[in-house]
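Below are structures written as structure tokens.
Both complexes below contain subunit A, partnered by subunit B and then by subunit C.
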Partner chain A sequence: MTDHALSPSRPLRLPSVPGVAISLVGLVLLFAFSSPGFLSTGNLSNILVQSVILLLIALPMTLIIMTEGLDLSMGAVLTLASLVLALIIVSTQSLILGLLGALAVGLAFGFVNGSLVAVLGIPPFVATLGTLGAAQGLALIVSDGQSVVGIPRFVRQAYSGTVAGIPTPILIGIGFYALFHVLLYYTRFGTYIRALGGNRDALTLAGVRWRPILIAVYMLGGSMAGVAALLMTARMNAGHPTAAIGMEFDAIAAVALGGTSFEKGNGWIFGTLLGVLTVGVLRNGLNLMAIPSSVQVACIGALVIFALFIDGMRSHKS
Partner chain B sequence: MRAVMDTTALIEPAPPPAPDRAPLLELRGISKNFPGVKALDDVSFGVWPGEVHMLLGENGAGKSSLMKVLCGAYQADAGDYFHNGEKIEIRSPADARRFGIAVIFQEFSLVPYLDVAQNIFLGREFASAIPGIMDRRRLYREAQAVLDLIGLDVDPRTKVHSLGVAQQQMVEIGKALSQDARILVMDEPTAALSDRETERLFEVMRQLQAKGVAIVYISHRMAEVFALGDRITVLRDGKLVGSALPGETSPDELVRMMVGRNVDMSYPRRFSTAPGELVLDVRNVCAANGIRDISLTVRSGEIVGLCGLVGSGRTEVARAIFGADEVTAGEVHLFGKSHSGGPAATTRAGVGLIPESRKSEGLALIRTVSDNLAVAGLPKLFPNMMFSRGKARRSAEELIKRLRIATPSPNQNVALLSGGNQQKVVIGKWLAAGTRLFIFDEPTRGIDVGAKSEIFALIDQLVAEGAAVLMISSEQAEIVHVCDRAYVMRGKRIVGELSRAELSEENIVRMGMHDD
Partner chain C sequence: MSIASNASAGAPRIHLSQDMQQIIYRLLAAGLLCLALSLATDAFLTSNNILNVLRQASLLFFLASGLTLVILTGGLDLSVGANIGLSACLAATVIKATGSPILGTLTGLATGCVIGICNGLMVAKLRIPSFIATYGMLWVLHGITYYYMAGETIHGFPPGFRQIGSGHFLGIPIPVYLMVGFLVAGTVFAQRTVWGQQIYAIGANPVAARLTGIPIDRRLILVYAFSGAMAGVASIVFLARLNSAEGDIGEALTLPAIAAVLIGGASLFGGVGSVFGTFIGALILTLVLNGMNLLSVNANWQPLVTGVIVIFAVWLDMYGRRKA
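Moving on, here comes the complex of A and B:
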């Protein structure tokens, strides 16, 4: 009879500051002391610019996780979308057509993911692991395993440009953050996302058809992979068949760091922003210390466990 | 032994409050089947504007199914709906809402990480002037009005998960009231409420009644039934037994209508006249799971029943004795010795729990009969930690013969056995472990009628061999049929003990639901 979900939660009083904020400040202090160049304006701006692509993936990942879901295919879909985008731009010289192509790839995969989860009832982990494989395979097929080069110069120029002194990617990041914030807290869609993870029966009883909403959440994720593909291609000035493989790991890590729970629709979109910055700072700082990428992944993993431990301490009782 | 008996004749339906008018909502001939169970069998039921229609019945009588059919959560297999005399279709909760039906659920339909206002207006959010954006100011304003109406003093911006159970129940009530319902269905709405909140709820109900709202109210509290009800309908075994006006009936008559479920038990039991030594002695136990001041005894050679309504605390008593939930006060004595410790220690002391959810808690469904029979007895069968397939098989074959488990071989997958035979495997598992006190939680749940008497025969055989049995059951008739004594629970306490001579369904129900 006892339902722990509904009993009043008694948070431990210890960390009133979320784990992600502690992590972020701690890392910034650590790198400020260990690497002299870390606090330079150039480097800080660099961290922000480099974090934007991850942010674009982590924002929808937050919503997906809030529905008690997961999307493991995001990195692979991003890679496939960036290849399609590169191929279209190279052959048509049209950025718009390229972006539309990338969005189409993302939306298609999002639709498949969402349908597998919402209609067929396949666990999100398994469903999106399957589409991860499909997207990765398709990426190798369309690119023949080669990088796609010959992206017109204006794409790269747009990416490295500034508006009012602020780098364009940062503005894009701010814009999408604001969009997701409004989406989650000011629209029906956002309300229903929290209900999807919290109590699906409540939605059904309220006369809301939840399956289309769940599919839409995954399609939003796919379309954001398409947007991120544009930035990725512009940054690298090419399409690589392994460009964003594994990026879902960083995204899920950032969401977890940000204090979004994997249960009951308990999410925090600002926490995801902090989580993305934490991952960005960690990667950048470790780079400055010349620590190899493989070790960086292990460090992110350790940080996630640390943050989930804090999350667990806060939400767990008795 | 009495076999099939029916204590009540069908009572003529009470006259409707406004015979010249069609009921606001009427169900005719509703049936709903689940595999193996007739949840509702040809039930006809109507509510008129401004009346409170009480719905009574024992556990599993079909009240909740009827409610779910009413609100569109279940679809009836047969039967018709009428709204103001016109035939209508209710195929989904959205349909039900359109006809002004709102339901206050007992299992909360709240979303933990949405706030009070968002929960109240879930699915009915207000649009603002900006397309796609909700009008949050109006949301909180209207939510505050609802909270004022029900007298709940919380900030509408509070997340629901941080509210207490009573406050959540009030939010649930507010949610239903805010829908301007013309037909309000309430499932034991006062179960979690304090007296003050209950009074407030009744006040709101009277206001709604005055406005012509029809209320269907499910209750287990006789006092409420007579204080609030304009009409009372009793369900039993998914069938409508009858309806009555409160002025023309009595609690005793209603109890008689509720009991007398047909139980076919061809197995006669010799009741214990001289029980053996004290096996379980629970003294003034309180536990973290909510049970208070529980004292009970079970002797060897005895079957002792533990009854009461669902939620009265029966399973919690079993869990506390078994060490699965923490005992906070009082003492448990097992076989004459003071006992404390978790399930592992309790099992070693010779106690076996046969849980209600056999498939999830009692058995490893993907393993064989032999594996399942060996699992609790592993330390006893294999004292030096070395597993021997042959030894496990011999032990299993012995138990299969002794318990007459119908299985082609010990290596049969246990999932392929019938419910009755699965239950025997769970019992056998504990026999192999040398258990001498068996705690059964709903031993016949999901077992077909024929196999039930076989399970009871087996339980009788256990006590005849000197074991002690504590049996939790919602089936009053079964308790009366097999138990030497029984304790009745209400509100997490034991409210009475019935000797063999006093054991009757009426006494159990009367003790279990009357509030004094």
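Moving on, here comes the complex of A and C:
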């Protein structure tokens, strides 16, 4: 960020030293030396496959945070969507209907979140905290607190199948990454998103009706939670009422690690990909070292606070 | 801020400050709720149930009163529920190890306070937005607590200690006395001391507050420390009431605590709200949840209802400001 004064007008700035890349490489090296199984092809492909669900919700989370927003409800919505998906599939044996149900849940919550933020002007972290409670409650209500089991075998293919030797989730992940990259950098919608964070007044002055766009960003997040619900259900072979509770934290962590700023709308979608991989590598490596999942959560929390500290230092300097 | 408008001479109408009006509306809402519940179910208007409501409200109030100060500065503390978890588990360990409820209570309070100070340092010194800093803290605390407890439960405390949560004095539960004490102390602190007024000023207009020379960083650390310490108080009362500690002990309390503050009329944008308002907010929320219980609504509906109440309360605040 040292050249900040020299090029104040560049709209899109990549972090000059992507700290997330350094931490990713550092973690890979650390685990490569500390646990022998880490660098095996099987484990590396495992990391990629396991990171896809996180990537699917971290991508829209990046866009949401770039609009100076936040979506704390995403984990709960993902849980609710996966329960609805499981319930529909179990009763109709139709994957398409199940997916449509999950997408409908996601879109509905996205619409509510977006409307609360864009139309009523409620601060996003509180609006989505409220809908988090609502989604969590609904998840308990539709499932009555029980797991939904009896998912047919073909659903599992979505997670454990391969196409041309490559696991399906990885292909899904690559596809959606490309989609979001194009969406953010090569469409007018993406330009508006970048303007929504940090320069909303300019949009208003330019006569852009930004409220529908902001609602659309949250609906995109909800629908991606619906897509992730399919992979999640296929992976666990069941719907569980607390399955993805707290997953929004991993997503926010990945976005923050990736260098997207919470206050100025500066974002970097490739950074989010690196952030997702960092979280994935960290969890996998700690797993191999037999460190319990609770400590992993604490590590990620500490990492996020550190990343935000760095982010704060940077924006403070400039 | 309450500035009593002087009634012009000869005008028979009683003028009430805006804050007073807000409080009266909320008292009316609570009254209507009581009336509706006593009509809807016989079980409501029994002294047992009323005392039960007050005891439940007191737990919520401990948490929400500290949070009120944070919200008055325009911040938010999402870590209060997780704070209860760690504070309660550490306090339980100390009581079990030493047999001394006093040491245990001090441990719980100190743990809560230290966590609060960490939050305050992150917000004031590292300049991390409060909702993100405390959200990160939430998960750090969850991680530590779950690791520490490893799925175990600590239970069975000395009867003297359990009095804090389940004892009575003159027929009224001990936590209710504590609630009244903290209500008076909190109100006096916020309304009648310089520090309290500075907290309002920071939330109402941070720039003006800095220019007036208020030591903003120190006051911010103070309010987060208060919020943490009150979570410590809540953890002790909760522990004494439940007579057992588990890792997830306070998890479900964060959203209701925020709801209580917002129902009480505090604004998320800072500078507006009061500890007394939060008291009424805690009472209203407890009445709603108690009523659902009495009308045998499945407990699974509680997070949904609380979430909707949070959004509704914020919307009401926004709507009021737009009109003003």
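One rule holds for everything that comes next: the second predicted complex is superposed on the first by the 294 of 318 C-alpha atoms of A that agree within 3 Å, B and C clash if a C-alpha of one lies under 4 Å from a C-alpha of the other, contacts with A are read in each partner's own complex, and residues count from 1 in each chain.
As a convention for this text, a residue touches a chain if its C-beta (ideal position, glycine included) is under 8 Å from a C-beta of that chain, and two chains touch if they have at least 3 such contacts.
Owing to the predicted nature of the structure, the values given are computational and were not obtained by experimental measurement.
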Subunit B versus subunit C as contact partner of A:V304, first or second or both or neither: second
Partner chain in contact with A:G265 - subunit B first, subunit C second, else both or neither: first
Partner chain in contact with A:A206 - subunit B first, subunit C second, else both or neither: first
First, second, both or neither for A:L138, with subunit B first and subunit C second: second
Greater subunit A contact set [subunit C / subunit B]: C
Contacts of A:T187 with subunit B and subunit C, given as first, second, both or neither: first
Contacts of A:V163 with subunit B and subunit C, given as first, second, both or neither: neither
Footprint overlap on subunit A, comparing subunit B with subunit C: none
For the subunit C and subunit A complex, residues of the former touching the latter: 76, 78, 122, 126-129, 131-133, 135-147, 150, 255, 258, 262, 268, 298, 300-311, 314-315, 318
Contact footprint of subunit C on subunit A as seen in their complex: 70, 72, 116, 120-123, 125-127, 129-138, 140-141, 144-145, 246, 249, 252, 256, 262-263, 292, 294-302, 304-305, 308-309, 312, 316
Partner subunit A, residues of subunit B touching it in the complex: 71, 73, 92-94, 97, 103, 105, 108-114, 118-119, 122-125, 132-134, 136, 161-165, 168, 289-290, 311, 315-316
Complex interface listing, subunit A residues touching subunit B: 1-3, 5-9, 182, 186-188, 191, 194-195, 197-199, 201-208, 264-267
